[in-house]
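Each of the two complexes below includes chain A, the first together with chain B, the second together with chain C.
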Partner chain A sequence: MATSTRNFRSPEPLAPATAWLGDGEAAWAAGLRTAARARLAAHGLPTAKAETWRHTNLNRLLALAPAPEAPGGTPALDHAPGLLAGEAVAARLVFVDGRLNPALSQLDELPAGLEIRPLAAVLGDGQAPEALAQEDATRPFHDLATALMSDGMVLELSPGTVLERPIECVHIALADEGAKAHHLRHLIRLGAESAADIVESRLTLGTGATLVNESTSIDLAAGAHLSLTRLYEGGAEDHGIRQSFARLDKGARLEAFVALLGGALNREEIVAEVVGETASCDLAGVYLLAGRQHGDVITEVTHAVPDTTSNQVFKGVLDDRAQAVFQGRVTVAPGAQGTDGRQLNKTLLLSDEAEIDTKPELEIYADDVKCAHGATTGALDEDALFYLRARGIPLARARHLLVEAFLTDALEGVTSAPLREALAARIQAWSAPEDAKGEEA
Partner chain B sequence: MNASIDNADHVEDLAGERYQYGFVTDIEAETAPPGLNEDIIRFISAKKEEPEWLLDWRLKAYRHWLEMEEPEWAKVAYPPIDFQDAYYYSAPKTSADGPKSLDEVDPELLRTYEKLGIPLVEQQMLAGVAVDAVFDSVSVATTFKKKLAEAGVIFCPISEAVRDHPELVQKYMGSVVPYSDNYYATLNSAVFTDGSFVYVPKGVRCPMELSTYFRINAANTGQFERTLIIADEGSYVSYLEGCTAPMRDENQLHAAVVELVAHKDAEIKYSTVQNWYPGDANGVGGIYNFVTKRGICEGDNAKISWTQVETGSAITWKYPSCILKGANSVGEFYSVAITNNYQQADTGTKMIHLGPGTRSTIISKGISAGRGQNTYRGLVRIQPKAHGARNYTQCDSMLIGQECGAHTVPYIESRNHSAQVEHEATTARISEDQLFYCRQRGLSDEEAVTLIVNGFCREVLKELPMEFAVEAQKLLGITLEGAVG
Partner chain C sequence: MLVIENLHVSVGDKPVLRGIDLEIAAGEVHAIMGPNGSGKSTLSYVLAGREGYEVTAGRALFEGRDLLAQAPEERAADGLFLAFQYPVELPGVTNMNFLKESVNAVRAKRDEGPLDAMQFLKHVRAKTSQLAITDEMLRRAVNVGFSGGEKKRNEVLQMAVLEPKLAVLDETDSGLDIDALKIVSEGVNALRSPERSMLVITHYQRLLNHIVPDRVHVLAHGRIVDSGGRELAEKLEASGYADYEATEAA
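Entry: the complex of A and B
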């Protein structure tokens, strides 16, 4: 099925034969890879006909055809500039070009109750982790990740363990030549009444083209609490595609914050199944894009049982010819009475050529629910700009102030103060005009 | 008038009503054989004595339709339609020249209209409404023609317009909804049998509200109207469309096309009360209402306003849209959609902002009861040249009962930074407090629900012309019968 028709797009450019994959792995791992590859061949990569891809152009990525690399020597790298660099952490994982770099990571002296293993090691186990077999026919990039996974984080927190320090996960792509692809699968499992903060960031060193495709499975047992913060920065040829599948049991809490600050194509897809009563799912984020960058935020929250809540706040600022897509869906299943679901998406357009496509969607099958969503798009308030300029503040600086104010409440979702400051600094660096950068440095 | 209280008074009268317009008029119809092929299209065209260009257009549409796929994206479910099992032409039998006056009209037909309450005879002057009644695809009586003619307004069946004003029809038909637009619009382009044509000349304010009652009658006859309204520079017209249909067990397909063209400074107000047979309480039967409605604000400062109250049909698939091309043109969409029992509605609007300073307002109220599924699906698109465009959208859903569904799917696409787009949506049910308050004051559950629902829909109902507002309020009550308790 290599033919390309209107409804089918061959996965071949992104899924070349990789004979070296699977060396030293268990038979079940090879089975997972083969099955994922077969599904991918049957369904193909998403076309513009796929609802969540209708505004997202994959042509550039397919033309680059980034391919996975056979394992080589350990790349020379002496530091890992993550969001929490220098801070005390419970554990630090540094992936370089899709593989865990033990020298840069900090995995010894893990707190009691926390177990972290690289996926590459797990693939040699006698038995497959259940979550690794998770399928989703509507997300071909998930199958792509399974078929070509090189490594990942397999994290397990035992019941009742509450981590005091965050876990940092950094992914660095060295992009000097050619187009490289890195596919990872992460498994996060929190036992009952446990709690963890995970901070993920990713960056590229060099100017070559990359694709980092990650799938994360998150399982939160009753009363577990996961705070997940993600920062993505990228250059003009960086492509990042991530899908996360979360399952929330009774009373579990998921708080996720995502910052997209660049990249040719940066896509964050979060699927949350709230299957336990009184569980809550808070998703928030910002997307700040300029040049010809493209950002996608796709969320799907399903309230399957009564008395659960979800809240989503995504804010974006688009400059130059940047394009962003927000598609958020809240589904309330039949019988899920007492659901409280909220969704807000606001976008500022700073240029005439920027584009936002937003679709906040509600799908409700129960009557005793409170659901609301809102979406706005527009320019900076002319009156507010005038007010600031009338008080002697230059235009560029006035714009910067207003952009910062616009983003402030989205950042409130980040509970850890040092983390919030680190994020605020990145955001400030993004939005500060050239003339203001000097004085603030 | 306090509409809500007035309505509550009506509830008792309505309590016994099920579908009060469910009856079949036995009139000899001249019907083409069932099925769809080029011969049927030629038959329709010949029956209508159409010019060559129109037949060619129909055939072009038909050939295109054969290559199209039935759309599946709407949140509605129904068994596949057998397009070869329907009748595409059925005209009430009339004398060769058509009726000269009302006396010549089949009395059976007139009685039908009376039951429907169409102000055709005595009520003509009282209601001040000109009626172009469409009965099974062919218009049989047109009133107030003279008064309209004095103002220079053309209001006639579209087949008559093809004959008498071919230059206008040829110029505008398909200009807003091209023959290749979508599956059902293309089907309509191939087989449309009638509909209304309105032309309001420059600077004329149409002296009365124009009204057409569509009515599906003969069994198995899909009805394919095509309505074309043109408001020339600086003119104004208000058009009312109301629908009822007889009770029937088999699903009937209705695929109409409505095209509106508003030139510079012109305004078109299009109001619909749709009350087709929704199927029985078990979801058997009912009309499939797959309609394409679109208007274009061609000139500067033009305005198109859609108001709809959708209470009937088993399935409603309808997105009255505005293309805001002229600078500072205005588009409005006010909608109430109610689904009860097994009804499904997927409805909304598209506002395409092309010109600078264009503005649009969308107010949508969806009410789901029983096992009804109600979806608002809308698009607001701001194109790069629409500087300073403005949109405000509000979609509210109300759920009555545990087995219904309410869905909101708004698409917002903005390509101009000076445009401001706002969307908000809420979902809620009738609160116990509200019901308790009403009951305490002596209202029954049903009265209370009707009262609350009417309040919920007020913003939309107030946009309806007077004649329709009253009927619409009654309909809300009837549609929600048995939804509580």
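Entry: the complex of A and C
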């Protein structure tokens, strides 16, 4: 079914004809879709020859051939279990099967200066948002998202607006039968000196197969501050592919934290262009995978101007036959003196069959910079395990304590206390052995 | 309390213990002395259940149960405690949490409920003051950045908190300054009781002035080559192990 040669892989299995897409949209929207589809047809999907896809197998996904669905009736769902469930928020967006669900969302009474619209509505407008036309020939899933976009979040924060409460996004896929695909594009624009916290969670209800493919464009004007937290919890047949493109102007700050807690294939790719002096970009996260799950963390940070900083810390725990890829590249452009770029990747392997491919890279074309990168990979320390057991702590619990200890500083970058607790609880649930879960309850 | 019969243990292909016989009754304190590499730590590890040691013959009974068939955590829950010669560092695990986890794990094994936070704190506080251990040390990660002496005191704290029936102290005196030696010895002596036994491994008679043993054994080349009262330790201090080396060579 999937035609794949060394150099070309047909996008057909993931991009079937969808006559119903584009109904009621503006002409420019149809134009964007057509152009993206044409680029996709020309370039194809990534093959193993693509540097960041070398260890990531798409065969299973292509065989499943998840297809987008025409909009149907309102799904029966009465609550959205997001990370901030119950917390006061500035806005809450709940996407069910790739479309905003107004009943579950909370978009009325937005604070002054905050504008949020569903992409589906924007596509019917007279004017195209500039960021929607963003192209990236090296990332075919971005074109796929544009060609098949069903909805997304279009957020704009006016200059000087500092949100007191977070914005929550919950993405729920209802996976009962067949293989479904949802493609979304999100646009986040923060005006000068504005600040927002966005907290996203993604989960699947049901056991069917899904692909949720999302592209997010982030534009931070001078002095803007975005804190972005993403949680992904997927089942054994869930595929989540996300690419984010961020642009940081002078003095802007991006703090992103991602937690990948499952999925058959789960990929977080973050491309950040630091184009304004003194801007800073912090990317951090955890990947906790078991069974036959596969996770990718791909980052590409470019320091284009002097005196900018970036810091990346990603930690992973892999059990069973789980696989993960960390590829982080920090590029310091010629003339970007005074850059401070750091990158650290640490992985704990709980099984002999688990696998990590880690490749931190530095490309430096300026001479006065402070850059460091490192990666460590290892199993649980046998001496530590024995020490714990010699104090009466059962093996499973001892392993759990050491996994927790390994992850102990992983949430340091998450500044909101309730959010940190919610994430800690998810991580705790992931690493607790079955027998210890009962004890703690 | 503890009965060891004809215990042979190999590490890899190398026989390290070559027929140990030792019996410690309830309430007794025994000391083991012996040259470097004679097998003292090996014996303590085998009793505690560390992996990598092959028991090729013999057995060890703890209160009549086959000790060697049990997992390390079961032995600990039954009341066996090993103070490590080289305490292990646990980055990311606070000392306090470690103590709590171990106390509650041991209690769970005995079908006792977990101590609540207040009860636990009270229990620990009583022991830390005795051992001159600061709250700051309790908040830090287990043994990480501890000085040699602090690590040893931390071992004794764990012992005091867990209140074992049989404590094996592997060179707990090494690396202690004179004052710390006194503090630790007092901590250990406070635990002495007619129900509790101890096996104290040491190179120095000095410790045995503080913790006075009922019996002293000399371990050389994987065997107990001599046993006696506390005066044996004094004799060793003067003459060293040369006599036993000669015995071995013969």
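The working rule: the second predicted complex is superposed on the first by the 437 of 441 C-alpha atoms of A that agree within 3 Å, B and C clash if a C-alpha of one lies under 4 Å from a C-alpha of the other, contacts with A are read in each partner's own complex, and residues count from 1 in each chain.
Definition applied: a contact is a pair of C-beta atoms (placed from the backbone, for glycine too) under 8 Å apart; a residue touches a chain by one contact, two chains touch by 3 or more.
Source: prediction; values computed, not measured.
*Asks:* Sharing chain A, do chain B and chain C clash or fit in the superposition?
*Replies:* Overlaying the two structures gives chain B and chain C room side by side.
*Asks:* Touch check for A:Phe406: first (chain B), second (chain C), both, or neither?
*Replies:* second
*Asks:* On the A-aligned overlay, A:Ala26 touches which partner chain: chain B = first, chain C = second, or both, or neither?
*Replies:* neither
*Asks:* Taking the superposition on A as described, I'd like to know which of chain B and chain C A:Ala179 touches: first, second, both or neither.
*Replies:* neither
*Asks:* Determine, under the contact definition given at the top, whether A:Asp383 touches first (chain B), second (chain C), both, or neither.
*Replies:* A:Asp383 contacts chain C only, not chain B.
*Asks:* What is the value, to the nearest 10 degrees, of the angle subtended at the Cα centroid of chain A by the Cα centroids of chain B and chain C?
*Replies:* Vertex chain A, arms to chain B and chain C: 70 degrees.
*Asks:* Spot which of chain B and chain C makes contact with more residues of chain A, would you?
*Replies:* After superposing on chain A, more of chain A is contacted by B.
*Asks:* So, A:Ile393: does it touch chain B (first), chain C (second), both, or neither?
*Replies:* second
*Asks:* Report for A:Gly374: first if it touches chain B alone, second if chain C alone, otherwise both or neither.
*Replies:* A:Gly374 sits against chain B, while chain C stays out of touch.
*Asks:* Report, in whole Å, the shortest distance between any C-alpha atom of chain B and any C-alpha atom of chain C after the two complexes are superposed.
*Replies:* Chain B and chain C, overlaid via chain A, are at closest 14 Å apart by C-alpha.
*Asks:* So chain A touches chain B in one structure and chain C in the other; where do those two contact lists coincide?
*Replies:* In chain A, nothing is touched by chain B and also by chain C.
*Asks:* How about chain C: which of its residues touch chain A in the complex?
*Replies:* Of all residues in chain C, those touching chain A are 48-51, 71-73, 75-77, 82, 84, 87-93, 97-98, 101-102, 105-106, 108-109, 141, 158, 162.
*Asks:* Which residues of chain A touch chain B once you look at their complex with the stated criterion?
*Replies:* Within the complex, chain A contacts chain B at residues 55, 334-335, 337, 347, 349-379.
*Asks:* Along chain B, where are the residues that touch chain A in the complex?
*Replies:* For this pair, the touching residues of chain B are 382, 384, 397, 399-429.
*Asks:* Tell me, which parts of chain A touch chain C in their complex?
*Replies:* Counting only chain A, the residues touching chain C are 381-384, 386-395, 397-398, 401-402, 404-409, 439.
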